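Two complexes follow with subunit A in common, the first pairing it with subunit B and the second with subunit C.
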Partner chain A sequence: MSTSTAGQGLTRARTGVAVRGSGPPLAPRKTRRPGASPLTLGAFAAPALFLVLLINLYPVIYAGWQSLRDGSLIDAGDFVGLQNYADVLTDPTFWAAARFTVVFTLVGVFGSWFVGLALALLLKTRFPVKNTFKLLLLLPWVVPVVVSATAWNWLVATPQSPLPILAEALGLGNVLFLADPLLAKITVCVFKVWISFPFMMMMMAAALESVDNNVYEAAKVDGASKWNTLTNITLPMISRSTYISWILMTIFCVNDFPTIFLLTGGGPVNATQTLVVLSYVTVFQNFQTGPGVAIAFLMTLVLIVISVALYRQIKKVQIL
Partner chain B sequence: MTTVEFSESHDATDSHLGAEPTKADPEPRGSWGKFVLVLVIAAVVLIPVLAVVVLSLQPSLGSTSTATFTLENFVNIFSQTDVLLWLRNSMVTTLATVLVSVAVAAPAGYVLSRGRSRLISGFSLVLFIVQALPFVTAVIPLFILFANLGLVDTLTGITIIFVGFTMSVAIWMMAAYYDSIPINLEEAAWMDGCSVFGGFLRVVLRNSLPGILSTAIFAFLVAWNDYLVPLVFLRSSEKFTFPVGLQSFFQQNSTNWGLVMAVAVMMMLPPVILFAALNRYFSVGGIGGSLAGA
Partner chain C sequence: MVSKSGLTRRSFLALSAAAVAGPAVLAGCGGGGGGGAGGGGSTEPIKFWNMPWGQTAFNPLDQKITEAYKPEAGLPAVTYQVIQWANFNQTFASAVASKTNPAVSSGGGTQVFQYEAQGGIAYVDELYAAWKANGLYDDFLPGLIDTLKVEKGYAAIPYNLDMRVIWVNKVLLDQAGGKVPTDWQSYLNAAEALKKNSVYGYGTGAGAGAYTGQHAIVCWMINNGGGLFDEQKQPNCVTPENIEAVNFVLEMVSKGYVDPASSTYTSANVQTQWKAKKFGLGYDTGGLADNIGGDVAKDIAVISPLTSPSGKKGSLYFPNNIMMYKNNPSIKGSEAFLTYYYQNMAPLWTQNTGIGLPPLKSIAKTKEFQANKDKVRIVEEWVPVARTWAAPGGQANFLNVTTVDATPAMNTFTQSILSGKTDAKSALTKLQADVKATMKS
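Let's look at the complex of A and B:
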């Protein structure tokens, strides 16, 4: 249904027929439908629009203006041109944070997708007390991140924690998960996958439900192996949902603050700093408002460009 | 068949706990094998959550108790922390966020679901971009704005931000549910002389309880779990909500795991109970359909 072209959509819009819904396309209506005038629809959307403008768009524009000044939280400061951007872009900390943001996002998106899809496929089959498991496996996503970060701290942070003790017992020596830069990076990424896979599991489970069971029956009759069924039928059929889940998770990962901040605070020696954490630390711990806002605004510009491009792509993803 | 429809994700066989075992199983032995596999996976995945619960039930530092199981942490947190205050503050902000989010997103979602014009496509794109923006960009301008309005260090202030936060996804969720309601129903109501708003209220919204609940659960989780907003906007300890309350207590008592975890249990109980009770109404799959169709 939603693959209808822009032209069709426009025709239907003119005749006042909803394009979406799972039923067959409705016949064009001769009369304009009563009531739902642009003005009414505008009034329906007005409160939401006002909020979005106030909480999301106005601050971004203000931040753009602020990134050109040397102000602080209480003082607007003087106009300094692109000085903040020059400072930020010549700082190796910024580029290190940018690199780790990319790594963190890639691992977060594809790690959680892989785990989420595998579990969704497993939960699609039948076994005892399945629905209880379904609920239990959503817990990492439902439990507040402050709580899970506390739990992970207990698990890995100190030499007295269970995982370092286990590593020592296995003869791996004194493993300090959050003190070694590489290990800290891995730990933070695993933590993010742990938090995010339930979301992917829900997205993928919903997508799998929409695949017609007859297709599987037909594949079975034709003697397709389980692996072939997965790669040639299931994955192509859920490609749009997969793509959308990747986009949403990319946004969640790039913008993620608490996962990293609560577990490592960006350390050790900035190893796990992403751009969001760097921006926060620059403003609220180093009190350099101009450069901090410049980092955030650079991210914003990049994200706007990427999200518009991705958004246009959503409608083009082909099914089968 | 192309998009994930909201209604498909909670059919009866899937949603009711315990409905499954009563069915005749074609291959019982294979199923028990899977049961064990999932049991192991769930056990490994849930170690951190189990750790919170187990530690909260063990004697904490300085305790005279020698028992392996005790509830004394849950008694002590009331005298040693402001847990009741955090609970109250979090409840107030969260419930306000849920109510306002649903009330604002419900009509806006209707526009996205039923309207077709370039302007509405633009609205949809704006929602998508807004969802993609890093909140850390908005923090400082909002802090300055809210300081001028006297909203810094108030629960009202963070509630307003939470509602703004939830808008995009809440609108998509509502729109996704409306999509499953045939437009004929409203048209019949309009024929009978109902206004557009009346039709929306009496026909569409009355049939949208699962969509409303889904949106409400989402808004609840955002407001209850978010850390950055209260961290920046709440300054005095009597305004603390759970996330900043627990974090500050943890930083001061990081070795006293029993007490810390008891507070953590208090914090995670409301969202877990809510989700366990209403989980069958919750669907994020609908977001996909809503995005693809807009």
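Let's look at the complex of A and C:
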């Protein structure tokens, strides 16, 4: 037999055919509780809906209104139309922050996914103290970012910190992990990957559990290499979870304020400033709520576009 | 943005800011107007909000002093509340907007100017008139009261002083064969001597939440007769005095007297470097020795103010203050409480709670305060030559100093200088443009 066994298994899985069964998948049966009229359901949902509107929608609308004014934290200011958006979009600081946000997000999403996937695959194998290892791997995610940032600061900030000492011992000289603009960018990106990979690892581990072992066995019988198994079976079969985790991590990265603010404050000389940090300092340090909120809205817009694009990608994937 | 008595608050601000992210920026920006009309004779308790100005002992003692207040008949009692530095701007802004603000509060050093501009502050001119009669007015350190004078009156009362002074590690300087500097050239000589022992002669930090690095550069400017604002309260950064001062700092950077990682040092990193005996000389808060503690604290001391090439002395300081709000159940009651408070607040200093320097001569003269030679030197030698953000144009702060107090513009300016990748004129020109862009009309 050729690789067709594995291929058939994959095709079945993609088309919704159970690997061990045959025939079309059963359509979910529509059930309706007696007396559950739309009015009743609406009445049950109304309090929650009201709370959601009150807590989420009102502040967003109010913030939108503020983005059209030139106010401060304590003054509503005058209506200026879209001037704040125009000012923000013509400000080089905004575009510098936007560029680094893209880099930070790309590295954060794919770096943590790559590490998380690799560790999830490793955790599928059997080895001693696996559970302890798994627990330790979760620590960067579990520990509050304030603590992690302080720990990383201790690791890299001064020439007497452990990593600069190590770098000097390796003949690399006085490495300024946070003071050199390029190294600071790399450091915050690595820090982001470090605190995020456990989340990806959990997502990928859960997805890997859902892959039927028969598919792997079939691939093994067909003589598929480990690489082929990974690229032609594992990755396609966990693609839906992968896209979901990418959407979530993209949102986490774009909105990530503490990682950068605590480690570098956006410096040196704005080198590591992302849009969310720029938005914060504009509102709460420059007291310019209009431009600051405008930045936050532009960020939200970009996030929605990215999320919708990735979500559409998920819908194209037929398997789970 | 604000000022305070030591590094703790600014550092804490940076950490606490971690609680705020993008969605919070979207949802958390409260607007609204100022308070309502001032009250007259209500017996509704007046609220006193105070900040954690010192160490853990500060607020309990402060509360004890406050709650010991016994109002005269017809005047309201006082309630006490600690307001944490975390997001304090939002706390006050939302309280004022919802008219649930305190009657009396401290807060950020420049906070009062924002509320005053909105018409929310009750001026303390009448209170000062009463204090002239009972001697309290004359008890303030010279020049201090006028730092809070605005066009319409006195906006607030000086409460504690956050000073920027030069510290030296005497042991390290002796080991290096250096002499305590008295002017800029001797400062360079001392830094050169320290460098031979791998000690930095300009210890500073301008990283996340560390604003002392910004202040230090402005200290050099003020020392040289410069500063950031002119008599019309307009930014005037590109002056010969400022250029000379920034060139002086750049010279120290190029000569290796500045730790190359300084531009991203947090306050904790700066203190670590002092503790590690890597910093031997530099500007810091008046509370540096208290903050670093241990054996090194005994080795460091405040030196006398330097004489600049222009022949002048000077430094930057922040008169933190207490303000009264117009939306107030009883202005008279608030004034009565403030009179009591200022007459009885001395234990906050004599019991060494960690608050900044006292505003009153009588407290500075107590034997407990006199026991700390560094603090005495600061009061006697640094306070008289210290200037506010308003320098060189004036001594009274005003609304637009908020554009330079812990702002991104100042941060970028400082980091660019400490990284040595700029020249004085370019850096000051950019600062001038950034400050102008964020100024309120």
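Some points to look at:
The rule is short, and it goes like this: the second predicted complex is superposed on the first by the 261 of 320 C-alpha atoms of A that agree within 3 Å, B and C clash if a C-alpha of one lies under 4 Å from a C-alpha of the other, contacts with A are read in each partner's own complex, and residues count from 1 in each chain.
As a working rule, a residue touches a chain if its C-beta (ideal position, glycine included) is under 8 Å from a C-beta of that chain, and two chains touch if they have at least 3 such contacts.
Note that the coordinates shown come from a computational prediction; the quantities given were computed from them, not determined experimentally.
Look at A:Val107: by the touch rule set out above, it reaches neither subunit B nor subunit C. Once the two complexes are overlaid on the shared chain, A:Val193 sits clear of subunit B and of subunit C alike.
Comparing subunit B with subunit C, more residues of subunit A are touched by B.
By the touch criterion stated above, A:Phe133 is placed in contact with subunit B alone, subunit C being left untouched. Of the two partner chains placed by superposition, subunit B and subunit C are both touched by A:Val276.
Of the two partner chains placed by superposition, subunit B and subunit C are both touched by A:Ala296. Residue contacts after overlaying the shared chain place A:Val88 against neither subunit B nor subunit C. By the document's definition of touching, of the two partners only subunit C reaches A:Leu176; subunit B does not.
Contact with subunit B, but none with subunit C, is seen for A:Val142 once the two complexes are overlaid on the shared chain.
In the overlay built on the shared chain, the residue A:Leu68 is in contact with neither subunit B nor subunit C.
Of the residues of subunit A, those at positions 56, 59-60, 62-63, 66, 73-74, 145-146, 153, 254-255, 257-258, 261-262, 275-276, 279-280, 283-284, 289, 292-293, 296-297, 299-300 touch subunit B in one of the two structures and subunit C in the other.
Remark: subunit A residues 56, 59-60, 62-63, 66, 69, 71-77, 145-146, 149, 153, 157-160, 174, 176, 178-179, 184, 254-258, 261-270, 275-276, 279-289, 292-293, 296-297, 299-300 touch subunit C in the complex. Residues of subunit A that touch subunit B in their complex: 1-3, 9-10, 12-13, 16-23, 26, 33-38, 40-41, 44-45, 47-49, 51-52, 54-60, 62-63, 66, 73-74, 119, 122-123, 125-133, 135-140, 142-148, 150-155, 162, 194, 199, 202-203, 205-207, 209-210, 212, 240-241, 244-245, 248, 251, 254-255, 257-258, 261-262, 275-276, 279-280, 283-284, 289, 292-293, 296-297, 299-300, 303-304, 306-308, 311, 314-315, 319. In the complex of the two chains, the subunit C residues touching subunit A come out as 1, 14-15, 17-18, 20-23, 25-34, 89-90, 93, 96-97, 114-115, 117-118, 120, 206-209, 259-266, 268-269, 272-273, 276, 278, 402-403, 406-409, 411-412, 415-416, 419, 421, 438, 440. Of all residues in subunit B, those touching subunit A in their complex are 1-5, 8-9, 11, 14-21, 23, 25, 31-32, 34-35, 37-39, 41-42, 45-49, 51-52, 55, 103-105, 107-108, 110-111, 113-117, 119-120, 123, 125-145, 147, 160-161, 163-165, 167-168, 171, 179-180, 182-183, 187, 190, 195-197, 199-200, 221, 224-228, 232, 242-243, 246-247, 250, 254, 257, 260-261, 264, 267-268, 271-272, 275-276, 279, 282-289, 291-293.
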